Amino acid sequence: MDKIVEQMTRAIAQRTSRRSFLARVGKVILGAAAIPLLPIDRVVRAADAAAGKLPKGIEDDTSCDYWKYCAVDGYLCTCCGGGSHDCPPGATPSPTSWVGTCRHPSDGRDYIVSYRDCCGQASCGRCLCARTEGEMPLYRAQLDSDLIWCFGAPTMMYHCSTAEIVGVKS
Amino acid sequence: MDKIVEQMTRAIAQRTSRRSFLARVGKVILGAAAIPLLPIDRVVRAADAAAGKLPKGIEDDTSCDYWKYCAVDGYLCTCCGGGSHDCPPGATPSPTSWVGTCRHPSDGRDYIVSYRDCCGQASCGRCLCARTEGEMPLYRAQLDSDLIWCFGAPTMMYHCSTAEIVGVKS
Amino acid sequence: MSTRVRSLVLLVAAILLVAAPRAQAQLPPDQMTSLALPEVGPGWIFVLDAGFPSTAAARVYIVDTGRLKVLGQVSGGYLSNFVLAPDHHEFYSVDTFYSRGWRGTRTDVVSIFDAKKLNFSGEVEIPPKRLLIVPKRDSASITPDGEFILVANMTPATSISVVDTKARKFVGEIETPGCVQAFPSGNRQFDSICADGSILTVQLDDSGKAKGKTTSKPFFDPGKDPVFDQPALVGSRAYFDSYYGNLYEVDLSGAEAKGAQPWSLITAADKAGKWRPGGWQTVAVEPKSGVLLVLMHQGGDWTHKQFGTEVWVYDLAQRQRVKRIKLKTQGYSIFATNADKPMLEVLDLQTSMQEGTGQLEAYNLTTGKFVGKLDELGSPFVIYGP
Amino acid sequence: MSTRVRSLVLLVAAILLVAAPRAQAQLPPDQMTSLALPEVGPGWIFVLDAGFPSTAAARVYIVDTGRLKVLGQVSGGYLSNFVLAPDHHEFYSVDTFYSRGWRGTRTDVVSIFDAKKLNFSGEVEIPPKRLLIVPKRDSASITPDGEFILVANMTPATSISVVDTKARKFVGEIETPGCVQAFPSGNRQFDSICADGSILTVQLDDSGKAKGKTTSKPFFDPGKDPVFDQPALVGSRAYFDSYYGNLYEVDLSGAEAKGAQPWSLITAADKAGKWRPGGWQTVAVEPKSGVLLVLMHQGGDWTHKQFGTEVWVYDLAQRQRVKRIKLKTQGYSIFATNADKPMLEVLDLQTSMQEGTGQLEAYNLTTGKFVGKLDELGSPFVIYGP
């Protein structure tokens, strides 16, 4: 898991020019030495019911039941003019995020999902979705979904929430 | 009626040191020469039903049915730590207001009521009450209840709404 | 890849997966971007959410009424107004901000946004005098050529602030004593409605300063039959409905506004049934079909803000009612669109302004049938069209 | 004349009037004033409304739980925190503001209010780094002597800003790498909770600068049984409940925090019934009665934010459950008061955070009976006590 987080951090760092900032983020939030990072083996997957009946909205990215949203917390960008991993016009993807693991309903794979806030517009206020699979208290900030995850964005003003696949859990 | 408005303006002016401001208010909003001011004879009184059954909250100043509230429009100060004619702590009574006429449920008299906003705190958000007896469009601003009536107050930030008896309709 | 296409891909993938659950490649990593808007479409509307209960955080939802979908948002301030550039290249929010949210120094600005990316691109400071009211249409507007934005002030003295959109500069303030709002009626002309039932017409010069003012004869009697202050505007023609159910047409094209003889929207039977207009934005015109729409309810005197249960449709040429559309949910504001077909859009604040559960309902104007709805629009009061 | 007295006068007048409808004098003109608060009472609570959906307009409702009445409001900003001076002469709102509401320059301040008149009396600017999160207790706090306000920062590097309340000055920033929040545990000492399950104790000098830091041994295993991050604090004793239903007591009085052996809040049968703690502010202590309260629900793993259906009451000395209080409405945050009798206060966000329909319900802690409720509290997350 630490490797995945590291990859993610790297991937994010490649996408942004704020490298020095992110190096710091990495050290502070993600790196922190000997601390076990994710209680990953106890993550309850959204689609444990995959073999049986699937929730109605599991393939609908405007539904809180959408498979990628297993640990999303906020107003869904898909209801605000954005996509499941696209910010609405006028909002900027945060270079930082908390992470979760969601099982795809059909391929059965566990995907690492980065929950990146879109920042720089007033709160969207539509489709509030608060799911808590794998979500941890504030002292494990990188897994806390209640934080405004706009660190490194031009502003800390929260607009809406996305879910971006960053890889498959190995 | 014009006399009452004039009296009210005077009464308000006595209560505030911003006389020059209010003289101007008087001229602009209340004085305006030959313009007929209040469609007072067509005001529907809150308690026309006084002879029959009274609304449940007609004597309860935290109820939207309270007799003095026949033209109130906003969050009731009585639900925000204030009184029916007292601002909650931290909020300032506006020296200006719109006016209405409400019949007292028991004495049958028609009282001129000044709907003074309390200003200088963020909106209270409790006990929204929107009654429209005698309420006029924006071109009759002194009878428009949708305006932020904080003219002459230290700030135009609306907190809640009161109803103050200023006299009896003669 | 648009959201729609991507959803489709996922759906197709999912269908394939059901057949062969482990055969396919894993989903690739997503690439996060910010979306941009297409050109403003004829079926778009702009829904102003007043932001109750806070009132200090207005927003405008940009809505595609054809898909009943939110396309984006323009963020505002304390009881903001919205203005759309006639050439659709910019959106404007006319805002009041306090430096500390609810306290501190007041600043009024026209905030400018790029209409594609919705990026904030600048602001023009105006005198901190703008009319603060539960948001109404025409408290801020723009000349048809897009040169000047007109912002209504009230201190309570009334005036209009003029902003030059090209120069991005405040041009000056025009006093409009006893008259309110700014109905744009020409590239160098706007009108305000006055306390005695007359119309003030103001002519502007090319720099946006007043060069002439004319007060019309009263076109209605505010003491007897007040008109609502949010008329339907088509070009320089204004359609005002009144508390008692009359329709006043006013020609704003000339230097002096000219009111026509009013006509009644209600029959004797309607009157007996206590039908009358009411709500917030109570009247609309759909020019292509030549119809006038009025939001109606049954109520006594001073029920002018009661929610409407029906929308009555009138043939404007014949001055005759041609249809009654019963609303599924009681409405507060109405608007007409005509992208592929004439449509009625109805805003509904539901049970309470405090709950932020306002919604939009769409009806086919030809058939009167309910088409669909869009919910979670906060406390929406006003609809603007492109 | 207080509201209550005046209401009484009106009521008496009304009763008289029924007997002799035209005999009495007319009501005198009202005299409008601004009310002041009495001394903070033991039955008062401070309910933090996060202001959803806007999030930029937090407010604190000051509530008398005895009368279930709102006494006043402290207005805030973007995801504000609330702090009460221990001597009750001032209230503080720890705020973030943008100069243009949702855009512009960020400024973080401690806003100071007079506790009687609720007048804004000054602000102390702090580095624009404060932790922005759906509001939690202890993201801002004050030393027991009222000298220093401690504000949690996250950039995401973690630190604490210290404000001197007497001098009304920002004193400095103390780095707390890997540790968050500020639990005040002495006049010159506070604690933060760390990612590895340990506690960082920071000693202050008289100027509010750090003069010593000690990290305790981990008192819980975050990978196995995470504790909630909003403990009940009584003096320098912290009570943390955990996801899996254990109670961790930590003594914060010394230079190094000392965790006690945890004990289980649930029996084997409870476990089988899937009972566990959950919500937002999930644990409370009522020291006079010596009871611990935990908000409980039935759910699987990762249901730690599910609304609670019951509050379980434990004798702290015996470490034994003594009562189960079934909630009328599912709760999200709990608190205990003891003005005349021990009471349980429960915050409920109802069906949705978007609707601003949050309410407070009060229960008698001795009998477990529902006493009453106070509604329309916006989106309330946190309860603070005097």
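For reference, chains read A, B, C and D in written order, and residue numbers begin at 1 within each chain.
Here is the rule we go by: a contact is a pair of C-beta atoms (placed from the backbone, for glycine too) under 8 Å apart; a residue touches a chain by one contact, two chains touch by 3 or more.
Quick caveat, the model's predicted, so the values are computed rather than measured.
K.L.:
Please flag the chain sitting at the greatest distance from subunit D, going by CA centroids.
P.N.:
Result for the farthest chain: C.
K.L.:
Roughly how far is subunit A from subunit C, centre to centre by C-alpha average, rounded to an integer in Å?
P.N.:
Roughly 36 Å, centre to centre.
K.L.:
Express in whole angstrom the distance between the two chain centres, defined as the mean CA positions of subunit B and subunit C.
P.N.:
28
K.L.:
Express in whole angstrom the distance between the two chain centres, defined as the mean CA positions of subunit A and subunit B.
P.N.:
50
K.L.:
Residues touching two or more other chains, restricted to subunit A: which are they?
P.N.:
121-125 - these are the residues of subunit A that touch more than one other chain.
K.L.:
Two or more other chains touching the same residue: where does that happen in subunit C?
P.N.:
Residues 53-54, 56-57, 75-76, 78, 101-103, 120, 354, 356, 376, 378 of subunit C touch two or more partner chains.
K.L.:
Could you list each pair of chains that touch one another?
P.N.:
Between chains, contact exists in these pairs: A-C, A-D, B-C, B-D, C-D.
K.L.:
Per the contact definition, I'd like the list of subunit A residues that touch subunit C in the complex.
P.N.:
Listed in rising order, the residues of subunit A that touch subunit C are 11, 15, 59-61, 78-93, 104-109, 111, 116, 118, 121-127, 159, 162, 164-168.
K.L.:
Help me check something: in the complex, which residues belonging to subunit A touch subunit D?
P.N.:
24-25, 28-29, 32, 34-36, 39, 42-44, 75, 96, 120-125, 128, 130, 132-141, 144, 146-148, 150-151, 155-158
K.L.:
Enumerate the contact residues on subunit D facing subunit B in the complex.
P.N.:
Touch residues, subunit D against subunit B: 2-3, 6-7, 10-11, 13-14, 17-18, 21-22, 24, 26-37, 49, 57, 59, 62, 70-76, 113, 116-120, 356, 376-378.
K.L.:
In the complex formed with subunit A, which residues of subunit D make contact?
P.N.:
Subunit D reaches subunit A through residues 52-56, 78-79, 96, 98, 101-103, 106, 131-134, 136, 154-158, 177-181, 193-196, 222-224, 226-229, 300-305, 352-354.
K.L.:
Can you check the complex and tell me which residues of subunit C touch subunit D?
P.N.:
Of all residues in subunit C, those touching subunit D are 51, 53-54, 56-57, 75-78, 95, 97, 99-104, 107, 109, 111, 120, 123, 354-357, 376, 378.
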